[in-house]
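Take a look at these structures.
Each of the two complexes below includes chain A, the first together with chain B, the second together with chain C.
And then the complex of A and B:
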């Protein structure tokens, strides 16, 4: 059997072409023939449980599920006979009789529910069998989403998504027969789960109102929302987002299945944090008068900034930008750069070392899918770049990939590792074990992050590169993957913006007397600049600080002028991810209040 | 298994058995230990340079784990749920490896076939089904137990020959073949030779070779309800036809037994049964409707009696029974009154006789069992519709 060989079959009388290894459902779909499904979801292993996709194959008395049955050359398939429609209809009736499906009080009512859509399709407006209606738990203990067992049809799309995409297997089915229920961990409430990462992928996979996003519930159907495809700017992975909005408000955020980077998956940060977590916004320009920040017009604020700049002409001017700013903002910075004595971006701990030799790792995400061995050095993807962590877990659990972790802090990924160790000088015995574990590896991937940029870390990195090159048994050792923490830091560094970690030293070199901070939508408003007390004292003393930011923070307390920045979903332009892909940002909302996009603000101020 | 493994080039074998069968587990362990001692298992078997190990895996008591794909998931330590085939075990089985899976009985026939040759084996049995089969005779039969018989033996020979007939001079009513999801076969088909095709034609299956014999005291609706209850309980729940379909059929059967059956219930049962049979993923769901379908086919009148006349002809369904004390036969011993859990049997004023207050009787049958003079009379007289107007309300649940 040669997978991929062309085959021909007849489906509903229509001659169809497909490839050996494809299922009947895939061949039918490719040839424009639709077969109803409920438990099938692209990218997941077939389950064959819901029995909606059953078809007749000539020569077989039994009906077979199209989603899991391979298409065979020369076969004749019927997908829509009266018998099949009758069986499907009864399956739906049974599902409706099993649990509570009173649609009017369901978060998925009116179009977002596959079960309801199917019922409409079959013209079901009543059922012949009595409602069984057990009173089941509505588990809203989780932070971002709820699980209403009463709406669950046990299709296991959530179970398989959690297992095969996020790789944690938080969910499974408990009990038997009609008593079946989705269970979280060892049957705890969602909020008490110790394994759930809140990636929300299960919610996106659920065809009914069983798993629902709390913030999105009862805001009407998504089909009536505006949809904007943009990019997550929480980390350098750059996952694709689809933002659903209504009345200039976000209703929900899902992963973009079309994204070449993430293929629809997201982590908690991109999926929920950016829009569910309350963060006080700066909505108007403000200037300090008599020690207090008072709202003012853009014109007045810009005028004040200009006056401050010209007043400070005898001293040194400095600008600090967040590494989250867009490529377009970077270009504006390059234009206005001459006006400043120093321009720096405030990166994360040890990240400046990564940025001094910025490396884009072409096709890194694809390499993670193909790798048979992984080494993670000084990076915390399960905290920072969740979608990378998911790929690592899936690689270990589903493909038996070898994993070696060297980190300064422990993380949940250690549990998946063959070896995990701290970043310290390691003994020979350790290296022997690494050699053993990676002995048969042919396509290794070495991922390293900012925490590897210590003296010891760099020696380990060198050593690992050598071990892998010599040991990957004729396979090719591609360049290690640099995984930074800050969103656009590599692009900004490549564009010549100086990475700054130690603000106090950086500011202390020259007597700076005017500082312009572009904090943009840093979740902490840029407050981490003030981590060291003497920086704060210094900023208070120069009294000439302009802060351009989206969120209120301690930084605004020391500002002379505050300018409101647009946030991620209000931005246009692009960011460049760690693979070097320029990814588009498209504004899903008009900026809140009087906020403006960073580059527009800069162009206005420095016009 | 070692012979089979040698032929197939396998080095690992598993025997899967339910934890409930403690004695069998114990004996298997002893047998395996002995086989290792004799060098019939383990490394370099009989100096042939062939290694084969057998492990016993204990199941956690689920009927569905006998289904081959569920069994393999269970052996792997996962949830025992069936998977669609293909892929067949021989393509992708245990841990994704090609796997051969057979019943212990099948393995047991390998040895005699090798020793005596295939023609000898083929000479036993019928045209289509060769060899012998182990049958398990149970129920209302004199000789219960296990019997190995050639295929083609008739049901009558099994039940009245080997089985020694029905005890207590009762009349034979039906036999259920093939385990809990087998069909029920009535008297008029007792002379068919037992083979796969003939049983299938009658709506039943060979299955495990179980034979449950029922006498005239068995109610066929109750029998169908009993086995549906089993299948519903044992459904793994993966597919809605079986998970919900068996539950809905059970509800209908329960209300028929309770005298709350509605005229269209038979139609509903037939629709559901056909659908569950066709749509279910695995053998459990595909065969679960067999008892219902065959009882409907051979004993439809009993269903009609329950539904229309509210009468249980075999006098089994509790809600449809009526207990009375025959005033002539009653010796006044009072044992019935003492047995009655709701104290509804009282002495007839001034006489050494007892009577039952029907209104408060809960039809438990304790008095019937207790009386040594057959004075307690159990009948199922039936009710007419007008007598019980509340029936209509009870049975006609919310019209949806």
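And then the complex of A and C:
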């Protein structure tokens, strides 16, 4: 049997072509024949559990599930006979009788529920079986989403997603027979799970209201929301987002299946934190009068900023920008740069060395899919680039990829690693072991983060190169993947913006007497600038700080003027991800209050 | 007016919120057309209590107590075509949410523990119908001839079902004309 060889079969009387190895469902789909499904989800392994996709194959007395039955050359398949429709209807009726599917009080009512849509399709106005009305748990202990067992049809789409996409296998099926139900970890409440990453992929996969986003529940049907495709700006991966909005507010945020970077997957930060976590917005321009920030007009605020700049000593005014700003804002900065003596971006911890030699790692996400060995050096994707962490977990668990973690902070990935050394020794024995683990690896990938760019990191890299050269039989080291921490730091660095880590030194050396901070939509409002106590004292002393930010913070406390920035879902433009792809940002909402996009604010102020 | 004898209709309101009957009144001006075709007998709308022999019996609500069961039995015995109106009659719906608790706990909560209740007690008078252990849809008690899903079904769905039945046809539900909410 040669997989991929062309086969011909007849489906519902129509001659169809397919490839050996494809399932009946795939061949039918490719040939425009729709078969109803419930437990099937593209990109997951087939389960064959719901029996909605049953078909008749000529010569077989039994009906077979199309999602998990290979298509065979010369076969004749019927997808839509009276017998099949009767059986599918029966399946739906049994599903309804088994649990408590009360549509009027379900958050997925009105078009968001596959079960409901299927039942409408079959015109099910009543069922022929007694309802079981089981007393089942509604688990709303999780932070972002709830699990209502009353609405679960045990399709295991969540279980397979958690296992095959996020790679943590928090969910599985417990108990036997009619008592089957989804279990979290070793049967704990969702909120008590030690493995769940809150990526929310299970919720996106659920065909009913069993898993639902708390913040989206009962805020109107998604099917009647506007959808805007944009890019997540929480980290440099740049996952695709679909933002669902209604009446200029967000109803829910899902991963964009069309995204070449993330293919629909997201981590907790992109899926929830940006819109569920309460963050106090700055909605109006403010200027400080008699020690208090008072709201004012844009005209007055801009005038005040201009006055402050012209009064500042020549050679001593500086601008600090967030590494989250868009490429368009960067171009504006390049235009107005001459107005400032010093422009820097306040990068993350240890990130400045990485930005000194910015390297885009072309097709990094695809290379992670192809690698058979991964070395993680000075990076912490579990905390910072969740979708990359998911890829690493899946690679180890599903493909048996060798994983070596060096000089990185402890994380859940350690449990998947062949070797995990938060502190690396130079002992021969250790490196021999690294060599053994990577011995048969043909396509190793080195993923290095900000913490790799230290003297220790360089030494480790040197050892690693030696080990790989001498031990990997015929293997070739693929181009390493540079994994920055901040969203657009590589593009900004490549565009000539100086990375600044030690803020107090930078301010003191310049020395600065006027500071303009573009904090943009940094979740902490840019307050991490004040992490070192003498920075705050310094800024209080110069008393000439302009803050352009989306969220209130300790930084606004030292500002003379505060200008409101638009946030991620209010921005247009682009960011460049760590692969070097310029990814589009499309505004899903009009800016809140009087907020404006960063580049527009800068163009207004420095016109 | 035609001399054709009018079709006799009775409606009953079992364990439900009466929203289905309200939705029935939403037929608005179509009620006048309907009145030309049918004669309303016992119904919460006419306030006639005793169900006579009728052609069509329409039942809203789930079977929650002994009285619901009795009324449903009477309706079935005295009508030719029995129509289940709305999700409570079809699935148990909201009234059936209590099925996850023991009846004694439900009564205790409702009549004694409620925050606004002082010295409450569970009614035990013989006039008050006893609650059944679980709330059930009507087709688990009697044969139902036609179903109108919805919570409540909108007037268009009710009109469609009634006109089909009056024309001697079984209503056919499709994604266009049916919904469960």
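To be clear about the criterion, the second predicted complex is superposed on the first by the 595 of 607 C-alpha atoms of A that agree within 3 Å, B and C clash if a C-alpha of one lies under 4 Å from a C-alpha of the other, contacts with A are read in each partner's own complex, and residues count from 1 in each chain.
Here is the rule we go by: a residue touches a chain if its C-beta (ideal position, glycine included) is under 8 Å from a C-beta of that chain, and two chains touch if they have at least 3 such contacts.
Please read all numbers here as calculations on a predicted model, not as lab measurements.
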| item | value |
| --- | --- |
| First, second, both or neither for A:65, with chain B first and chain C second | first |
| First, second, both or neither for A:126, with chain B first and chain C second | both |
| Touched partner set for A:50, first chain B, second chain C, both or neither | first |
| First (chain B), second (chain C), both or neither touched by A:90 | first |
| Touched partner set for A:109, first chain B, second chain C, both or neither | second |
| First (chain B), second (chain C), both or neither touched by A:172 | first |
| First (chain B), second (chain C), both or neither touched by A:135 | second |
| In the superposition, chain B vs chain C on chain A residues touched | B |
| Partner chain(s) touched by A:154 [first = chain B, second = chain C, both, neither] | first |
| Chain A residues contacted in one complex by chain B, in the other by chain C | 126-127, 130-131 |
| Sites on chain A touched by chain B in the complex | 46-51, 54, 62-65, 68-70, 83, 86-87, 90-91, 94-95, 97-98, 126-132, 153-154, 172-173, 175-180 |
| Residues on chain B engaged by chain A in the complex (per definition of touch) | 62, 64, 79, 81, 83-84, 86, 232-241, 243-248, 251, 268, 271-272, 275, 278-281, 286, 397-398, 400 |
| Interfacial residue positions of chain C with respect to chain A in the complex | 84, 87, 90-94, 96-97, 99-101, 134, 136-137, 139-140, 144, 147-149, 151, 171-175, 178-181 |
| Chain C contact footprint on chain A (complex, rising order) | 96, 100-105, 109-110, 116-117, 119-121, 123-127, 130-131, 133-136 |
